[in-house]
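After this come two complexes, each holding chain A, first together with chain B and then together with chain C.
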Partner chain A sequence: MAEFVMPSLGADMEAGTLVAWLKKPGEAVKKGDIIAEVETDKGIIEIESFMTGLLEKTLVEPMTKVPVGTALAIIREEGKPSAEPKSALPVSGAPPQPAVAPVSPTPPAPVTEPGRLRVSPSAKQLAAELGVDLILVKGTGPGGGISRADVEAAAAQARGERRGARIASAAGSAADRLLRMRQAIAAAMARSKREIPHYYVSTTIDMGKALSWLTEENLKRPMKDRLLYGVLLLKAVALALREVPELNALWKGNQVVRSDAIHVGVAISLRSGGLVAPALHDTDRQSLDDLMRNFRDLVTRARAGGLRSSELSDPTITVTSLGEQGVESVYAVIYPPQVAIVGFGKVVERPWVVDKQVVPRSVLTATLSADHRVSDGHRGGLFLAAVDRLLQEPERL
Partner chain B sequence: MIKMKYREAVRAGLREALKSDPRVFLMGEDVGRYGGTYACSHGLLEEFGPERVRDTPLSESTFVGAGIGAALGGMRPIVEVMTVNFSLLALDQIVNNAATIRHMSGGQFSVPLIVRMATGAGRQVAAQHSHSLEGWYAHIPGIKVVPPATPADAKGMLLSALREPDPVFIFEHAMLYPMEGEIEDNAGPVDISTAAVRRPGTDVTLITFGGSLWKALEAADQLAASGIEAEVIDLRVLRPLDTPTILASVGKTHRAVVVDEAWRTGSFAAEISARIMEGAFYDLDAPVARVCSAEVPIPYPKHLEDAALPQAASIVKTVQEMLHG
Partner chain C sequence: MTPKLTRDEITTTVLRALGEIAPEADLAAIKPDVSFRDQLDIDSMDFLNFVIAVHEALHVEIPEADYPRMSSLNGCVEYLSALMEKA
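And then the complex of A and B:
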C-alpha cells in the first residue's frame, strides 16, 4: 500500500489543483498509467502512477488545490492486503527565600533573539512539509510560540484562500495563467541566482560535418521523418554527460546527488508566453529518430497542455536553444535543483581557419552554465570539448 | 485476580522469596519483632525465625555493608532501610562497594543484594523522613533502580530482583503502602527493563513513576473531562532507563510533562527532559515541562506539605498552560 501524492513538478511548485481522476477506485493501475490530471502554474499536467496495483481509494475531490506532498489516493500493491493509511525557583546564587514556593513554579521566560521566530521544532517541520510561511503564522502556543496547531490552521486558511481565488477566476483567463506562470518562473529563477554560484564557459563548434551528414541523412527520409540539427545537439549533450557525470545531478538538501539516468530537459517557449522544460527520458539511449519523434511530440503537448508529471519532475539537466531567434550565444540560468544548463545559439557562417587557410564554415556557440558548488570550470571545459568532439562524428550519434 | 494492598504485596513477595530460596534472609531496623516500620515483614519472624529475619542496630552503614558481605559470600540478602533519608549513612557502602565490586574485581565477584527503602512525602513526617532521593541512586552505574508503583510490581519486582546478579534498589513510596490494587493470585516476577504506558493518550505525555503515577492518572482523568487525552507513562525502572518508550510516546503526542516528586534542580526529571531533547527534539511542539517538588525541605504542616508536592491539580494546570498558551 502506498500513498499517491501531489508530485513536485519543479522547484517552483508549491501546490497543484486536482482537476480530474482518470481512474476510479477499484481499478487496476500499471506503473506509468495516467491516473489523474493536475493543474499547475505550467498548465494541466497528466500524473502517472509510480507503481502497479489497485487504486484503493481517492482522498482528494476534483477541483481541490493541495500542497505538494499531500496524499491524493491510496494505491495497493498487487497481492497485498487492504489497509487504512494511517519556576523556576531561584537557583544557587539567589538570595535566601522563605520556605514557601508557588505550587506550580514556572520556568523563566526564555529570551528570544529579536527577529527570530518562536516556533516549536515540530511545527517548523510541519510548516516545511505544508509549504506554510512561518512569518505569516500567529503563534498561540506556550509563550506565544508557533505550534503545530497554528501551522495547520494557517495551511487550512491558505487552502481556503487559494480555493476562493480559484473560484473567483473560474475560467482561469489566459492572462491569469500567464501571470501565474510568470510568478513561478520568477520564484525559480530568483532562487537560482540567489543560491547557485553560476560559472560560464563557452566554445564555438564547427558544425560543418554535422550539417552535411544531416543533409545526406535527410535525403533518405520522407519529409515528416526528417531530423533537425537540434536533436544532434541533444544527443551530443547526453553522451557528453556520460563523460562528465557531475553535471548530470541534482542539488538536494545541502549536497549533490548524481543521477544514473540522463534525462535532458528541453526548454520550450509557449505561444501564450512563458516556457517549460520537460524531459526527454534517457536521452543518451534514444536513437536520433526516436529523439526527433519524441521531441516533436513533447513540443506539441507542451503547447497544447498535455505534459506528464514525470516529464516535469525528472530532468537532470536542461538544454536551451535560441538559434531560431537569431541569438548567437545563450548564457542560461540554471533551473534548480539541477546543477547545469547548456545554451546553444544559431548556426552562423564565419571565416574559419583550417590548415592555415581561411574558409567559410558553419559554426555554433555552445555555452555551459554550471553550479560551482558541484563542478569546476575544468570539468565544464571537458564537457564542452566532448560535445564538440561528438559533433565531429555525427554518424556515431 | 484478587485485591491486595501494596504492603501485603511486598510481604507476599518477601515470604515467597524466603520460602523459595534458603539463601534469602531479611535484615534491617525493626523488620523482626516490630514487623517492619511499614508492616511489610509482619509475621515473618514467627514464620521463618530469627536466623532469617534479623533486627539490626540503628547503623545503616553497618547493615548495608553486612548485606554486601553476605551477598559476596553467596547469600541473597534483602536489606530494608527505613527511609531513603537514612540511606545516606550507607552511601559509601553503596557507591564505593556494592556498585563497584564487579567492575573492580574484573568480574570475579558480584553483589546480588536487594535493598528496599521507603521514599517520598505526604504523611507529615517532616523533612528528615520525606525526601525523594531515588534520582540520586539512578545516577550510579552498577546498580538497578526500580520504584514499583502498583501492588503487582511491588511483589513482582522483588522476585525479579532476586534473579539479578547485581545490586537492585527498590524504592517504595510510603503513600502507596495502604493502597489497594488488583493482582494475579499467583503473581510472580515481572519484567524490570521497560516502562509501561498506564493510560494511552494523544495530546500530551505525562512521564512519571512511583507514588506520582497515581497523581498523574488522576490528572489525566480530569484533563479528559476537558477533552485533553494524556498518555501516562510509568517509568518502572529508573536505571537502566527505557528511553525508546518515552520517545515513541512523545513522537505521537508532541508534548511532554515530567512529574517527579524530587526537587527540580539536578533531578531525574532533568535527565528525562534531556533524553527527550536528544532523541525527540524535532517531534516537540512545546518545551518539555516539569512538575516537581518545591525547592524546600519538605514541610511538616499539612497545607504546606501539600503545597510543596506535585498534585493532580498542578499537573492539570501545567498541561493546560502547555496546550493553551
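And then the complex of A and C:
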C-alpha cells in the first residue's frame, strides 16, 4: 500500500488544489496513468500514478487545496491485501480548505441506438464502453462510416470539453492565473539568484551545415513530419550532456545529484503570459522524428493547459530560445534545483572566416548559465564545444 | 481533384486556422497586410501548426520554401488562390 501524495511540481510549489479524480476507487491503475488533475500556479496539471495497482481509496475531495506532500489517495499494489491508511491528514501545514464549490461531474452521454448509421461492430462496442453517443460522432470512413478512431476522437473531444469547464471553474480569471504564475516565477528566480552562483560562457556556432541539411530533409517529408531547427538544438544539447554529465544534475540538500536520464526542459511562453519549462523525457534517446512529434505535442499541451506531473517535476536541465523575438544572446537564470540552463539566440547572417576566406554564414549564439558549485567554466566550455561539434554533423543527430 | 474555392472561402479557412493557434485573437481585427507574427506573437511552432491546419482544410501541399508567402492574410489568400488554381 502506498500513499499517493500532492506532488511538488517545481521549486516554487507549496500547495495545489485537487480539481478532479479521473479514476474511481476500486479501479486498476498502471504506472503513468493519469489519475487526477491538480491546479497549480502553472495551470491545471495531470497527475500520473507512480505505481501499478488498485486505487483503493481517495482521501481528498475535489476542489480542495492541500499542501505539497498531503496524502490524496491510497494505491494498493497488485496482489497485496487491503489495509487502512495510517492517516488521511495532510503531512504538513494547515488542514485542507475547500477552494471553490465542487464541480458536478458531467454524466456520461447516453449510448444512442445507431439506427442507420454505418458503424463497425468494434466501434459500436467501443462507443458503449466510452459512453459516446454515436449520433454525435463524425464518421470519416467510406460513406461516412464510423470507425474506432472516430469514436476515440469523439471521446477525446468530450473529455476536452469537460476538462475546459473544470479549468474555467477552478482557475479563476486569466488575470488571477497570470498573477499567480508571475508570483511563482518571481519566487523561483529570486531563489536562484540568491542561492546559485551563476557563471556564463557563450560561443557562436556556424549553423550552415545544420540548416542546409534541414532544408534538404524537409523537402523529402510530408508537411506533418517536417522538422524545426529547434529540434536539432535540443538533440545536440542532450547528446553533449553525455560528455559533460555534471551539468545534467540537481542540487539537493547541500550536494549535487547527477541524473543518469537526460530530460531536457523546454521553456515555452504561454499566450496568456508567463512561461513553463516541461521536460522532453529521455531527450538524448529520441530520434529527431520522435523529438519533433513530442515537442509539438508538449507545446500544444502547455498552451492548452494539459501538462503532466512528470513533465514538470523531471527536467534535469532547461533550454530556452529567444531567437524568434530577435534576441541574439540569452543569459538565462537557472531554474532550481537544476544546475544549468542553455540559451539560444537568433540565427543571423555574419561574415565568417573559412579557409582564410571571408564568407557569409548563418550563425547562432549559444550561452550556458551554470552553477559554479557544481561545475567550472572549463567544463562549461567543453559542453558548448560539444554542442557546436554535434551541430556540424546534423545527419548523425 | 481539389475543389476551387472563392477568395472569401479561402480567407475564412485561413482565419479559422489562425483561430486554432491563437484562440485569444480578435480575428475580425486582423490587418490583412501586416504579418501574423507581428500581430499575433506567433512562433515557428505556431506557424507550423497553422500551415498544417491550412493543408488539412484545403488539401494543398505547401512547400517549406513558400512559407514566407503565407506570412500575412493577404499573402495567404494570394498564394493559396494561385496554388488551388493550378491544382
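Couple of notes before you dig in:
Just so we're on the same page, the second predicted complex is superposed on the first by the 312 of 397 C-alpha atoms of A that agree within 3 Å, B and C clash if a C-alpha of one lies under 4 Å from a C-alpha of the other, contacts with A are read in each partner's own complex, and residues count from 1 in each chain.
Keep in mind that, in the parts below, a residue touches a chain if its C-beta (ideal position, glycine included) is under 8 Å from a C-beta of that chain, and two chains touch if they have at least 3 such contacts.
Nothing here was measured: the structure is a model prediction, and the numbers come from that model.
Using the contact criterion defined above for the overlaid structures, shared-chain residue A:392 touches neither chain B nor chain C, since it reaches no partner.
In the superposed model, A:64 lies in contact with neither chain B nor chain C.
In the superposed pair of complexes, A:224 makes contact with chain C only, with no contact to chain B. Of the two partner chains placed by superposition, only chain C is touched by A:272; chain B is not. Looking at the shared chain after the overlay, A:203 reaches neither chain B nor chain C. When the shared chain is aligned, chain C comes close enough to touch A:300, but chain B does not. Of the two partners chain B and chain C, it is B that touches the larger number of chain A residues. Within the complex, the chain A residues that touch chain B are 88-89, 91, 99-107, 110, 120-123, 125, 140-145, 147-149.
On the chain B side of its complex with chain A, the touching residues are 254, 264-265, 281-287, 289, 291, 294-297, 299, 304, 307-308, 311, 313-314, 317-318, 321-322, 324-325.
Across the complex, chain A meets chain C through its residues 215, 218-219, 223-224, 226, 228, 230, 269, 271-272, 295-296, 299-300, 324. Per the touch definition, chain C reaches chain A in the complex via residues 22-24, 37, 41, 43-45, 48-49, 51-52, 55, 61-64.
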